Each structure stands twice: as structure tokens, then as C-alpha cells.
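Chain IDs A, B, C and D follow the sequence of writing; residue 1 opens each chain.
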Amino acid sequence: MSSQQASSSSPKRKVGILGATGTVGQRFILLLTAHPDFEIHALGASSSSAGKSYAKAVAGRWKQAKAVPANVRDLIVQECTVPNFKDCDVVFSGLDSGPAGPVESSFREADLRVFSNAKNYRMDPVCPLVVPLVNPGHFDIIPHQRATLSPSPKKGFIITNANCSTTGIVVPLKALQDAFGPLDKIMVSTMQAISGAGYPGLSSFDIHDNVVPYISGEEEKIESETAKILGDLSKDNNSFVNAPVTVSAHCNRVPVIDGHTECVSLSFQRRPPPSIEQVQAALRNYVCDAQKLGCHSAPAQTIEVHDEPDRPQPRLDRDWQNGAGVNVGRVRDCKIFDVRFVVLSNNVQIGAATSSVMNAEIALKKGYLD
Amino acid sequence: MSSQQASSSSPKRKVGILGATGTVGQRFILLLTAHPDFEIHALGASSSSAGKSYAKAVAGRWKQAKAVPANVRDLIVQECTVPNFKDCDVVFSGLDSGPAGPVESSFREADLRVFSNAKNYRMDPVCPLVVPLVNPGHFDIIPHQRATLSPSPKKGFIITNANCSTTGIVVPLKALQDAFGPLDKIMVSTMQAISGAGYPGLSSFDIHDNVVPYISGEEEKIESETAKILGDLSKDNNSFVNAPVTVSAHCNRVPVIDGHTECVSLSFQRRPPPSIEQVQAALRNYVCDAQKLGCHSAPAQTIEVHDEPDRPQPRLDRDWQNGAGVNVGRVRDCKIFDVRFVVLSNNVQIGAATSSVMNAEIALKKGYLD
Amino acid sequence: MSSQQASSSSPKRKVGILGATGTVGQRFILLLTAHPDFEIHALGASSSSAGKSYAKAVAGRWKQAKAVPANVRDLIVQECTVPNFKDCDVVFSGLDSGPAGPVESSFREADLRVFSNAKNYRMDPVCPLVVPLVNPGHFDIIPHQRATLSPSPKKGFIITNANCSTTGIVVPLKALQDAFGPLDKIMVSTMQAISGAGYPGLSSFDIHDNVVPYISGEEEKIESETAKILGDLSKDNNSFVNAPVTVSAHCNRVPVIDGHTECVSLSFQRRPPPSIEQVQAALRNYVCDAQKLGCHSAPAQTIEVHDEPDRPQPRLDRDWQNGAGVNVGRVRDCKIFDVRFVVLSNNVQIGAATSSVMNAEIALKKGYLD
Amino acid sequence: MSSQQASSSSPKRKVGILGATGTVGQRFILLLTAHPDFEIHALGASSSSAGKSYAKAVAGRWKQAKAVPANVRDLIVQECTVPNFKDCDVVFSGLDSGPAGPVESSFREADLRVFSNAKNYRMDPVCPLVVPLVNPGHFDIIPHQRATLSPSPKKGFIITNANCSTTGIVVPLKALQDAFGPLDKIMVSTMQAISGAGYPGLSSFDIHDNVVPYISGEEEKIESETAKILGDLSKDNNSFVNAPVTVSAHCNRVPVIDGHTECVSLSFQRRPPPSIEQVQAALRNYVCDAQKLGCHSAPAQTIEVHDEPDRPQPRLDRDWQNGAGVNVGRVRDCKIFDVRFVVLSNNVQIGAATSSVMNAEIALKKGYLD
């Protein structure tokens, strides 16, 4: 049986969710509750939640517009240790960076497959940093990742997805790189949503009627992650070769609940650069691998290019395709770089949980869950 | 009597306000109600307001935290025609760009001195575009401005102040240009306040929980006005010589009531560029001409440089010095340009009415109101 | 064929939408685009839109999170006159109260069935004011409504739905009246969403970081509409008998995009009054007629009663059941009246377009569209 | 020397501030920095801040639009123990309710005068609960308060001010009680500002684009405090006699930074009740004792009665008289009670720190600081 047919005829794969009571964990639960390929098998959280039913563990902390799904209400939350998840085919991690490092590592050692939303292993030289709309080819370092460990896991690995503000911009950047060759310089200024900070996250006193022109560590993440994601694997699939781009970011928090808006100016290595019409066409025509593979959560269209002068806008466009695609607008000449545009991505969907889930769907299609 | 002593011993100059019922006009009234140099003499608005007391004309439209000042409540609003303002020593214009063009021109022809907040004459080759914290030297084109008209006014002129988003950035740019020589490239991404759009301005439906990544004409204004303001007068004081800068702007509206936040990256012509410490010192040490001249509305310090990593912020910093100074923070290296920083300016004070009033104070000190 | 089977086997009824470019009209389009009983046949708007494709007519005014549906993009918008809608089985009116009066009346005279969201005929002595979750029995005045006209229409009528803030509270009020007999006094204080004011509606300058403790005409609407909706038809179905309730309202606008929150205190005529537990049970057990009839848009549960102390909340609960149900929370004793609670309803769904559409579904089930 | 002359000729009284790093403490500092009667002598906070300069202790937590005043920047923060404050003539407490109970009690035992913003002693049978615009006469229980303690302090006492939402409404209630005799029933529904919850207080995730219809303990505070504040001292000044009012409150949090808006409906015992015009006149003519005594922080007018139908509004009216007065609007008939109106008060000024400071000013004038 080919992996392409997995989702229709195979039994569903058992999944565990680490950090299940947090905001990313809550999103994992909503995405996986009625998923054709996966079924929720185990929920992990801190020791203060362990032993409680999920409904009790999240009482007062469930902040979703949909109620706690019936299939997890009575599931008992467990501590994030290997024995509690040993039957899981896939483990999604929504852990904070504190516990994520040792927990995810121990899970991999125990031959578990970890799809992590945490930052800890993103820049690791053998861990893929995969935005599913961009670089699922990086999965091919997995055999090498296993080989570097002793003992070498047979099935286990760690795959990470990117920071939410990186995720938004690399999608159009990849479309342009595919069409016109290497990019050179990328200037980005972000206006990021409240939900990106988790819960309780920002004090309302800090962000109400305000802009906070600083998010700790965020500019560094965009500047480093982008080159890895846009880069290639080496020919022997043993290392990452960064894309030759220079990225400079200004990161800001604005009073918007969901949806990161990012202003991008960039130059190409190619001279002369492509025209605005060519850039727009390349963005519109980009088809990501997740679409080609027929993944359940993949958007039907990867990038929506808006013609109206004042779009995309977070409140109107963040839920396009359940937040799985990326919106681009205002594609125009730049006085300093080659082209300017605005990107809007849903930071809690494609910018977080949806990326992890789509990565697992891709891994399934590619046979990495066999 | 020297003009330097004017404010202490002279009788107050009579001022008229055009567009007195609008948001900029309301600010003019608050700034001029207890001013040591000026007294409100005439108020002008559209024909629908003319003939009413000011209190009645603004009923339901007065949107200030302070009540309508007692001294203007019963003043009768008049149409914006020359005869109604012929006794005014100074006329402040808060007119919309539609009527501003012909009205301001007719007032100048009638030998009236016009300080305009409208965009119409900003890029005019004989009209000064003056940010009072930056380039009051441009007033010296006034004799030539008069000479180009026939008949040539004896006292009349038009002086404009800049667009609110331009005003914020040119202050630190000027400080750096003074200290380190010509700037080269300037990239700016703005997060502009609701009040910048006037009243009723933006629909709440458009900006609530949202970002609008577009403000009509705004990017063009920043890109053109900056070079004029940072430039010089020719030696014969007959023309403007633009500064050799290239500016590229992304302009965005965010849900903040007052205060424009702007992320700036720039490069100097000078190699090597100044260090971050030198840049910070130049910003801190900058003293604008309005301060040196002792103008009433001038800030005691032109630029506040914040050391905290998350400042300036509009809600906390926009009222620093009654909004007459400019806040700068996060001065740091840029991966692409030489330096990055954040600017916050009060768009309704220094970005609008305060600039016009301070320009008139400078003109008084320099003898242009004699 | 019984009307009960209409929706499964009949061809879809042709519907027209008046005021199709406005905010209520846009909602009608989204609700009716894939409706099992109805298909959009004609769109009406003002003369400035007439003759344009719908997509062009709403360019820059379409403010929905979903794109303009494909089936109406190219439909030509027409003026709101009878000849343009004569083939419609049902006409939904999202007109402003200015044109709504004469237009709706002329449509009824031309034997068209009008479901109106406008206020004009709500208090008319022969027009039903129907909240579909509350009083569809009022449809039975339709024969008398026709009989009062000369010539008497065979099929035509006007049915109205209630003001958005009235709609929210009458649902739990009806549940309590059904369970415990007549209510006596009802005190309500509202916190209403921005979207209730339409587009452009409120200036952002007025509602940002603010509360406006006044909505023109709103308190009067709640105070009068409630008694009509909770009342009965006379035995001969020729007149409305108001419920013997006294209502006092404080209406406020708050910075929330969708969802009206209303604090209610009420007393029953019955002594002793029911206990809090009885009140909660009556709310939970209430099943509206639209549910019983199996209407497509009816909620599966009419009222959700929250046990958490801090719910319902507009951002979390307004989309429950696509906004077709009503949320109640904090049911508790009142120090002055018998019981206190909080109601949340989705003002743009059950509070507006969803009510009209559900009324038409009920009319279909009851045979009034035959 | 009479106490009336104290402020002009006496040396300033030394004041200590407990909880100086919190939000109420920060307000105390701003109010007392340039006060004619008081000078800041000692600052107290938790042990984690003790030993640091005030500027260092509040780094990252100072959330005021004005900078940390120069006179306290270098003051060393101390633990909240008696020895550190023994030289203080007055101690202001902005402590949380946890530590406030034992700390304030120990300070009183050590003969210190405590003006507390905490809730602990508000309902204490010998502690005055004083809103300075309403009931400074309650100070006269102080001798009895001392007499109940053993050993009895010579100078020490505890005076509390009210909860912020209570403070707003009792001012107009007192004006009406003074004019028309006892009130009967009072229904209030609040829309309270974010800042009322302190810092970090509410998560932005909870209140952005939202209403929270619940504030823990708030309704109970309004319902109990109002009767004590509107009541009298017994003739022997040994106990409080509550006013015979019944209060029912709905308390809500709305996304507004400062300013509590409260909708009030009330009935008088007197039949027939006063007319709307009489009610408006009574509110306008009310002069509080703090004004009569000439206290520094007293408003020049206690209550502003707005005639515009849509005022007061928090963003426009909260800073009237530096937030020391109370705004009332929409005075009108109620369908159920005698009269309805809207109250707006500044919760961080008269609703918190300003009340404590004004209470101390009154105590000074009345000789209780001698």
C-alpha cells in the first residue's frame, strides 16, 4: 500500500499532545478532533493538571470560540513522560521552551515522532525547520538525524515548525525564489497579534490603545530562521545549506487578536529584477507541496494576492481557508529595494498548530510515519 | 524694539483660524486660548457654520478632553473670506485640501500671513515646508515668495507644515544629518493613529481589532516631503535644494487613538558610519532652533532617547512635553542599513497644530510678523 | 404535498434582497447563497448601484470575512421597484428606514411577500413583529393584514423582525413566561456592538477606548417591542394583545465588533417567584418553534445557559451555533427584582439577517409561501 | 494656629507610601510629588523590591504617562514594617488585600495614621469608609476607634476609601439624598475600565474586543459599601448607621483604559418624587465638604451635569478636573424607578489614590493630623 492512500484506508494514527492545556495545545485539539488521519490518544500537561479530566484541567483557561470537544472532555491529562505516550504514532508538542528541550529529546530517544511548535530545536543542525507550505523537502534529513543519535532511533525524530512571524513571510519569499532565483536582501516590519504571546500573555494594560515596538527574541528568530527555511539540504541530505539572504526585522505588537501583518521590501540577486506583474503572477501561481500531496489541512490555494489597495487586513482575511493559506497585497515597486508588499498570516493557525499538523500529514504521505 | 522681546512687551497679535470647527481647528483653539503672543480674533468655517456662535457650530463635533474654551464660545463663526480676517496679524489654516488651495492663495494676495496645515502648497517651489524642530531656516525664502507674486504682498506669505508621519521622522533624521553629514537611504514603516484621519475619519468597523495597511497618498508624502525638509535653501534664498536621500515608506493604520509609531532603518553616506553610541548621543544632544529662540511652544528637549527595550509606546509617551517633542527608542544596528530605531510623535500636536503655532512663534521671533 | 415536506422536495423559492449592498444585505447574501429552500434571484439597491454587477457595486464596501459568493458576483443590481422583483417568491428587506416605508408597502400591494429588517412596520397594528425563536404564532394575523388592504393582496404581506437589542432579551423572557406565567418588570442595561450601527456607522474616533452611553431611539424600541413580541394574538387573530410588562432600558455602545451583551433584572407576577434552579432549568429546556418545525437555520438548542461565573462573553460566545442561538449566564438572585442574568446574542445574525431568513423558513413550513 | 491655615504656613507633613511600586502606589507618587501639604518621606514595597532605589524597583513596571519623578528616583524602597515608617505623619496604603490587613493594623498600633485604599477595613465597625466628596463627617468616629484599642493609640487610626465603582455612584446619590431625603432602591449596571484591575491585571486575550460580565466580589462591594457611605454616625459618634437603601448591581469589564461608566436607576422614599429638573439642579448645586474646606485636591465643582444626550464618555470626560470630580448625564425618567442617569468617574483618580490623598487633606484641615 502506498503512503498516498494512507488517509483513505488506513486506521487512524494515534496522536499525543504535549502542553495540551495551553493555547497551542487547545488549537491542536480543535484541529485533531475530527481529523481523517489522526485520533487523539493521550494528552500531556504539567503536574498541576495531571490526573484531572481535560475539561477540569482547562476550566477557566479554555479560550476558544468552540467548546471543549466531547471526545477529549473526559480524557485524563497525564504528565509529559515517555511511558504515558509510548503508544502514540505521532506526538505534537505545544510545550513552552523551558520544558520542551529535555522532554522532546527524551521522546525522540524513546523512538517517538515529535512535531514541535517550540523554538528549542529549530536551529539544530540535524532537525528540520519546516513550514509545510515551503520546505517539506527538509524532512529528508531525518535518516541522518537518527544516525547522529546513539542508539539510533528506528522511527523517532524531531521536526519543528517556524516562529509565527517567520512563517508568514517565507511563503511568498519561497514563491519568488522558486520563480526568480535567489533573493538578496529582505526588510520586514511586523505588526503582530496579541494571541502570538499565548495566555495570559500580554497585560491588557500594556497593549490597549497602544503599540509595543518590541518582542523579545522575535527579530533574531525571523533573521535566522528565514535563511534556513529558504535553504536546501546538502546533496547527501546530511546538512542544511542556508539561502544567501540578509534579513532585517522590526517587530511590533499591535492591538489585534489574531493575524500577523508584515510589511516586506526585498531585492533579488537577479538583474534586472522581475516586474511587478511577474511577481504577482509568481505569487498567485505558487502551489505548495502540501497541496500537491493532497494533505487534509493544506489550503486549496497557497497565496491569495489581493488587488484592492487596502487589503489584506487581519480581521477580514485571517480566516481565509481556515487560516491555512497566506494573504499578500499591495505588491508594488520599492524606492530602495526591488519590490514591496504586505503579508497577512494567521498566527494561531498556519503560524502555529496548523503547521505542526500539516507537517505530520506530509510526513504521513511521504511514508515517515510507517 | 527687537523682535526677540516681542512676546514679553508687545500687545498680543490677532490671529484667525480657518477650518475652526474641524479637528485641527479645535486643536488650534486649545493651543491659542491662553497663548502669550497670540489672541484669537476670528474663526472661519464653511457656510453651514457661518453665523453661528462657535459653541453652536461645534455642538456634537467638539471631540476634545477639554471643554470649548470660554473665550471662543460666543465668537461668531464666519465664512473663510478675506474681509472677515483682514485685521488678523496671523491666519492659521486647518482647512481641508479642497478649499485650502484657493482660500490660502487669496489670503496671501490680500497681504495676510498664512500658516497652513494643508498639503496644497507643501511642495510649491516658493513655499517653505517647515517642521519647526527641523528647518525654520527655510523661512528665508519668504522675500522671494513675495517677489514672485504680482502685485507683490508686503507682509503676506504662505508657510506650510508637514504631513504628520513625515514630521515624526525628520526630527531624528535632521539630528543625524547635522552630526554625521548627508543621509543616503531611509526605509520607514509606520503604524499611524486613528486621529490622523480627522473626524469622522475611519469607520470603527474598518479599524476595530484590525490593521489597515494603506493610507491614500501617505507614502508619497513621506517620500517627497522628507527630501525638501532635510534640504537647504539655495545661496540666493530663491529656491530649495533637496537633500540627496532616497526614502521608501510602508504606511499602516492601527487601532491607537493618538501617536504615530514609525520603524526606521537608514544608511549614511559617510563610511564608516557612526557607531550606535554616537547616533544615540547625536539624538540626545540635538537642540532645535525653536528652543534656541525661546519659543513658547518649543519643547525643553527636542528628542527623548529611551533606553528601555520596549519604548517609546504611544499611550505612555505621546503626551511627553505636551506632544511637542519626539521620542526615539531601540537605537540599534541594522542587518541591511547602518542603524535601526523607532520614532514616536504626537500626530495631533507636533504632527499638526503645534507645528503651525510653533512656526508662527518662530516667525514672530525672526521678525516676519513685524 | 404538506408544507412540512417543502424543503426536501420542492424547487427552491426565488428570493430578492433589497438593500443588498448594505451590511444587512451582505449578511442576507451569505445566509442565502447555499440555502436548501431559497435561491437568490434579484438584488436591489439604490440608483447609484443599479446597473452594476454586484461585485462592482460592493467594491470597497464588502466587509465580510468571506469573499463575495461566486453566484452573486455577476448578478446585476437593480433599483428597488416592483417590476424588478415581480418573480420573487420572497423578498428580504435590508433597507434603511428612510426608503423602507414606501418600498415595502408598494411591494406588498404588488402581492409580494416581504420579510423586513427595518423598523417601519414593527409596531404596525396588523404587521407581525416576529423573533423566530419566540413568537412565530403572530404570523396568523396575515389573513387579517391582507383583509385590511384594498385591494387585498392574495399572497403579499409584510413581516418584520425585531431590533437587535430587543431580540436578545425576548428569547429568555419568553422561556420564563412560558414556564412561570406573566412577567412584571424588566430592567435591562445593554453593551452593544459596533456592527449594530451598520457601515460606516460609528466613527472610530467616537468609540475607540470609549463607551457611548446613548443610542438614538434604542431604549424606546426595546421598551415597546418587548411587550408586543411577548404578547398574544387576539382570539380572532385580528389584533395584538401586548404582554403586561414594564420595561426600562439603558442602552450603551461599547468597543466590541459583534455581539450584544445585556444585563437583565426582572420580576414575575407570580408569588412566590420561581427559584434560581427553576429559572435555569426553564431556560435550558426551552425549545423554540423554529426548532420544532425543523427550520434549516434554527439552532439545535435555543438557549445555552453558562455555569462559569464569567460567561457569556461576546468574543468567545457570539458564534455559537452560527449566531442563531442565545447565550445566558450568571443566573442569580437580584436584591431588588426576582432574578438577574446576562444575555449575549449575535446582533448581526439572530439580531438581524438570520431572524428574517428564519422567519421565511417558518413561513414556508407553515404554508404561507404556497 | 488654626488647621485652616496649615497648608500655607506649616512645614510639610512627612508621608510614607505602602505598596509604592504597584499601580495605586505609582498614582500616590504622582499626586504627592509636588503637594503643598505633604512630602514623600518613605516608600514601602515587598521584600523583592526592598533595598533598591525606587527607579530600579519599578523598572519595567512604571506604567504612567509621566516619568518617575526626580524626587523619588533614588529613594531606597523599604519593607513595610513600622520602624521604616515611624517618622511619617501620614501613611498611604496601596497594598493588596493580602498584606494590607496585618500591616495596616500594626501601623495603627504603632500610632501611625493610615489612609488605606485596600478593602480590608472598609466594613469594619469602627473604621470610617470615606469618599471625600461624600462623607468626611465619618472621621468623627476616630476617637472611638482609638478607644476600642488597647493600648489606645494617641494619634494612630485607619481610614479607608471606597471601591472604585462605589465611589462613582455615591457622589450623585449623596447629592440627591441631601436634597430630597432618603433614597429607596438603587439599580446599577457598570462598565468598568481595565485599569481598575491593576497591573498586570487582565490578560489582553480576555478583554480585547470583548466584555467580561463579571468582576469577582465587585457587586457585593457596591451593595454593602453604598449603605455605609450614605449613612450617618450615631449621635455618640460610636457607630455607623447605614442608610436604608437597597442596592443591586451588575458589574462588567469593558475595553476602556480608564473611567468607570455606570447606569443608575433609582427611587426615592419621598412621594411624589422630585422632577427631572429638580434632580438636575440638585446634582449641579451639590458642593462637597472637601471644596468647602479648601482642600488642595478638591474639585472646583463636584458634579458636572451634561446636557448633550451622549455624554459623559470615558475618553472625553475622565480627566475633567484631573479626575477629581464626577460626571453625570442623561438624567431622565425611568419606566420602573423614579429617575435614570449615567455616571462617569475616573477610577484611578477619585476612585483610588485621589480619594486617599483628599481624605488626608481633609484630616489635616480638621485637625486630625495635629
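Heads up, the rule we're going with is that contacts are C-beta pairs under 8 Å (C-beta built on N, C-alpha and C of every residue); 3 or more make two chains touch, one makes a residue touch a chain.
Quantities reported herein were computed from a predicted structural model and do not represent experimental measurements.
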item	value
Chain of greatest Cα-centre distance to subunit D	A
Chain pair, A-B or B-D, that carries the greater number of C-beta contacts	A-B
Subunit A and subunit B: spacing of chain centres that average the CA atoms, whole Å	44
CA centroid of subunit B to CA centroid of subunit D, Å	41
Where subunit B touches two or more other chains at once, by residue number	63, 208-209, 255, 257, 315-316
Subunit C to subunit A touching residues, read off their complex	59-60, 63-65, 208-209, 257, 308, 315-320
Subunit A residues within the subunit D interface of the complex	63, 194-195, 199-209, 255, 257
Subunit A-facing residues of subunit B, complex	185, 187, 189, 191, 208-214, 216, 223, 246-248, 250, 252, 254-257, 261, 263, 265, 309-316, 329-330, 334-337, 340, 342
